[in-house]
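One structure follows; several queries about it will come next.
As written, the chain order gives the labels A, B, C, D and E, with residue 1 at the start of each chain.
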Amino acid sequence: MTATEWAIVVLSLKVGGIAVLFTLPLAFGLAWLLARSSFPGKVVLDGFVHLPLVLPPVVTGWLLLLLFAPEGPVGMLVDDLFGASVLFRWSGAAIAAGVMALPLMVRAIRLSLEAVDKRLEEAARTLGAGRTRTFVRITLPLALPGILAGMMLGFARALGEFGATITFVSNIPGETRTLPLAIYTQLQTPGGEAAVIRLAAISVGIALLALVASEVLARRSGRGVHVL
Amino acid sequence: MSFDIDIEVARGERVISCAFRTGDGITCLVGPSGAGKTTILSAVAGLARPRRGHIVVRSRTLFAPGIDLPPEKRHCGYVFQDARLFPHMRVRENLDFARRPRFDRNEIAESLGIAHLLARWPRTLSGGETRRVAIARALLANSDFLLFDEPLVSLDPPRAEEIAALIRRVHEDYELPVLYVTHDRSEAKRLGARLIDFEGNEVA
Amino acid sequence: DPAAAKGPLVLVAASMTDAAEAAADEYVRTTRHERPVISAAATSALARQVASGARADLFISADEAWMDWLVQRDLVHPRSRTDIARNRLVLVSAKQREWIDSRAGLLQALGKGRLAVAEPESVPAGRYAHAALSRLGAWGAVANRLAPVENVRAALALVERGAAPLGVVYQTDARATSHVAVVGRFAETAHPPIVYPAAILIASTHPETTAFLDFLTSNAGRGTLAKFGFGPAVTG
Amino acid sequence: MTATEWAIVVLSLKVGGIAVLFTLPLAFGLAWLLARSSFPGKVVLDGFVHLPLVLPPVVTGWLLLLLFAPEGPVGMLVDDLFGASVLFRWSGAAIAAGVMALPLMVRAIRLSLEAVDKRLEEAARTLGAGRTRTFVRITLPLALPGILAGMMLGFARALGEFGATITFVSNIPGETRTLPLAIYTQLQTPGGEAAVIRLAAISVGIALLALVASEVLARRSGRGVHVL
Amino acid sequence: MSFDIDIEVARGERVISCAFRTGDGITCLVGPSGAGKTTILSAVAGLARPRRGHIVVRSRTLFAPGIDLPPEKRHCGYVFQDARLFPHMRVRENLDFARRPRFDRNEIAESLGIAHLLARWPRTLSGGETRRVAIARALLANSDFLLFDEPLVSLDPPRAEEIAALIRRVHEDYELPVLYVTHDRSEAKRLGARLIDFEGNEVA
């Protein structure tokens, strides 16, 4: 790998990692709401979560741009709070990646949450665990396979995210040029095939490593699933 | 008075109602299969919400109009009919789940014959081993009263006898009210229990 | 095969989408031929489709590099190659401001902001922008302050939203939106000519392909393209 | 909706529906392999399944183009078998959508398969059900939440698939111009924003309907999850 | 001879070995909790694979060197210690799961007192109801032999007596070999069962 490629890899890892970590609590909260409670407008929320999946990525990027533009509703807020903008910044790339990863993470986590045996949570309550402790010690670990699967899916998606990112935060070397943007640049160039393949192989390698890591984690924690 | 219970609990289309007061000893709630014994224990533990009535244990009101303590505030040790061990924790962690244990974990494990199982995952336990771990877990919780739902099924008679004696000892030493469900009269006798039906009438 | 039941399949660079559609309409109206089927995508994607042997009839590229690439591979009839239109680069801004015609003017208008452009290493519009900014002597100053995006439309969106104070786009895109103002125009000599070369594919089987290409180079065809801001190709 | 838009919607439904239906057995088979068996190279297979998620869609489209080109390895096979090519055809769009949906479907189904209680399958075997009957009557229905979630995710992804499709089968009205490509085309057209918003709203509406349908199906079949 | 079993089954680090031959009557396999009773039944049903040995039932070899019939070819009716009802099927569908039933489903349901539960989902059943459905499901399979793992726990004595009588009747009418696990001596007596330990020795 050249130094440039190495920098791109580091940036991609940063963007993907931060995207997944920051999206995780939100995804979990949404999955929880969708799995465990019923309220008017639940279908609408569910649909909203799926938006970034259904819309072409460039449209999602465009909507993000509307929101985060200096005069956009979120953009003004961010400016007030941090005195800065996420446009053209790696933080914006992470936001785009996180938004695209969200529906995948929510679904996987929700599937696992729905499979958690509520009788075990009841047992924990009778043993003196309040809602929080029950959640942390019982629900969360039992839903772990889904959480890990969701993180893996989300990370892979973040690693491959192109359309929303370039539309939202453009393609700035060292700041927002993640692997897929670098690949795209090469693909647009006549004769860029060799570079495309090299960069794509790097992407795939990273994803494989993440996959192995998530499998190992899942195996280390997913020992007993059955209840008598 | 240990338990003062008068409730109605809805289950599907049925309504299970039950009213009794118990004295100091261990009380066995009897009734045929499907009568609603498990339902009543759940309501006492705070896991099923009665449609009306009250649940008072040792003059502490757990449930009454306007009062409905959450399960974790009721301080009960509950051995479920289905053992409900936490599958993602080893036996040791299952036993240590409740904070401020009343007994030494290892002693209890010893007396229930599960000391050698502490490092095992629940799914590797036999039926009787599973029950014993569930009993140990409930006894270790520092509770104000105990609920047992057929805890000794799947246990060989000598072992069952031992554990019955242990339960009786705990009941007496700590003056804990015990509500117990079993179909085994000899087990009830061994516990020195009084048998009552859903209306609180003594059963021969 | 639906492409045969209709008119010829025309692969058009995305930046010419609506003009090509209008030209097809006009062509049908005047010639009574079957309406060509227009497939618009990035030039690079279309060129690769041609290279993989996809059966299409006409290719309209947004730059010469990809057309050359196909010529080298013997995938288009070299003799059918014709430049059908020209485009120009303009500077746009979200609000009216003083006309920009110098490096200083450009940098002053840009302030601390970024300059929205199509990706200068790969997208045709970006490569032209690169050349034009170099000629203006501004490339060195702005190279690190670009906001390179996938295509001209995305660059336009950045400017419209106030994310970038200035953008370099095709005049064809700038004139069709009321949300931005043209605040500068690069000299046509400041960059390689922005031409849209068209050529018939070797794989083409549609008998009316030539007719459509001829129409595009006719006065009527040029007129239609001109309505969208495309200039006539300089021939010879 | 105009007639053109209506045709686009019908095409998108056809492409998305066919993509999900044809991908489902493959996704299920892969999920089964990954959940239930272990073999050398399992991680590689797992990684391979994730490829379309990790690679930027345009790269996936380009790889599909290489594979399905008349002289490409799969393209020659398809030509031999059907005497036709999928390039520039809606069937090609369905292939692109199916490939992009695959990793999402595999993950969801796999999560559910891993949660199926094998003791119930054992019980079915003792009751005289062979492997097939056990699979059809026990495993499949118990994994249904994941299968439905996978189909829903896959369909939503298919509905939003842009990059691979346009790169692979171009943007041909009536044939490969699905909703996202129509949206892209409008985005390329000055003043097309209103149309973009209309088309995006249609996409979202379809996804919502699919969502409601999948929820209803899940509810109708997912009654008992617990075992005593 | 009904069962001729001589096997070694590995369970975690332990090896459970067992060798016995049984006569015509019902045979109760006894042993303390954790002895390996469930393990042996699983092996006979074809769900656990012995390390060595043979399993012959009524001179049909189910397992031997080179022979290992899959569970569905062994034709057993197995009542599991954990009932294992299919949660996605109503009680009726659970009962109808086995093809070519030996009895009329409604008659069996009647005699087990579960006729009113046919339209219910398993998770709404009480502990004793669950067991009765599991027994009915196993009896309905047109099997060559029956395996029972503590089937009558959670049942009130009159009900348990009735079902024991039913099992005995089925055993006699159809000459089905029965291997039965229980800790309850009176239950074994009621079945007219012979008690044996893991070495095949008669237990008093």
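To be clear about the criterion, contacts are C-beta pairs under 8 Å (C-beta built on N, C-alpha and C of every residue); 3 or more make two chains touch, one makes a residue touch a chain.
In UniProt terms, the chains line up like this: A, D = Molybdenum transport system permease; B, E = Molybdenum ABC transporter ATP-binding protein.
The shown structure was predicted, so the numbers you read here are calculated from the model rather than taken from an experiment.
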| item | value |
| --- | --- |
| Both-way neighbours, i.e. chains that touch chain E and touch chain B | none |
| Chains contacting each of chain C and chain E, listed by label | D |
| By count of C-beta pairs in contact, the leading pair of chains | A-D |
| Label of the chain whose CA centroid is most distant from the centroid of chain D | B |
| Centroid comparison with chain E (C-alpha atoms), farthest chain | C |
| Whole-Å gap between the CA centroids of chain B and chain D | 50 |
| Averaged-CA centre spacing for the pair chain E and chain D, given as whole angstrom | 45 |
| Rounded Å distance between chain B and chain C, as computed from the means of their C-alpha atoms | 79 |
| Touching two or more other chains - residues of chain C | 42 |
| Contacts with 2+ other chains: residues of chain A | 58, 62, 119, 163, 184, 187, 225-228 |
| Contacts with two or more other chains, residues of chain E listed in rising order | 82, 127 |
| All touching chain pairs, where touch follows the definition stated at the start | A-B, A-C, A-D, B-E, C-D, D-E |
| Chain C residues within the chain D interface of the complex | 2-3, 9, 11, 14-15, 17-18, 37-42, 45-46, 48-49, 52-56, 151, 153, 172-173, 175-177 |
| Of chain C, residues touching chain A in the complex | 42, 44, 47, 65-66, 68-69, 114, 116, 119, 121-123, 146-150, 154, 157-158, 161-163 |
| Interface residues, chain D side, partner chain E - complex | 119-120, 122-130, 137-138, 141-142, 144, 221-228 |
| Complex interface listing, chain A residues touching chain C | 58, 61-62, 65-66, 69-72, 87-88, 163, 166-167, 170-172, 184-192 |
| Touch list for chain E against partner chain D, complex | 45-47, 70-72, 74-78, 80, 82-88, 97-99, 121-123, 125, 127, 130, 137-138, 141-142 |
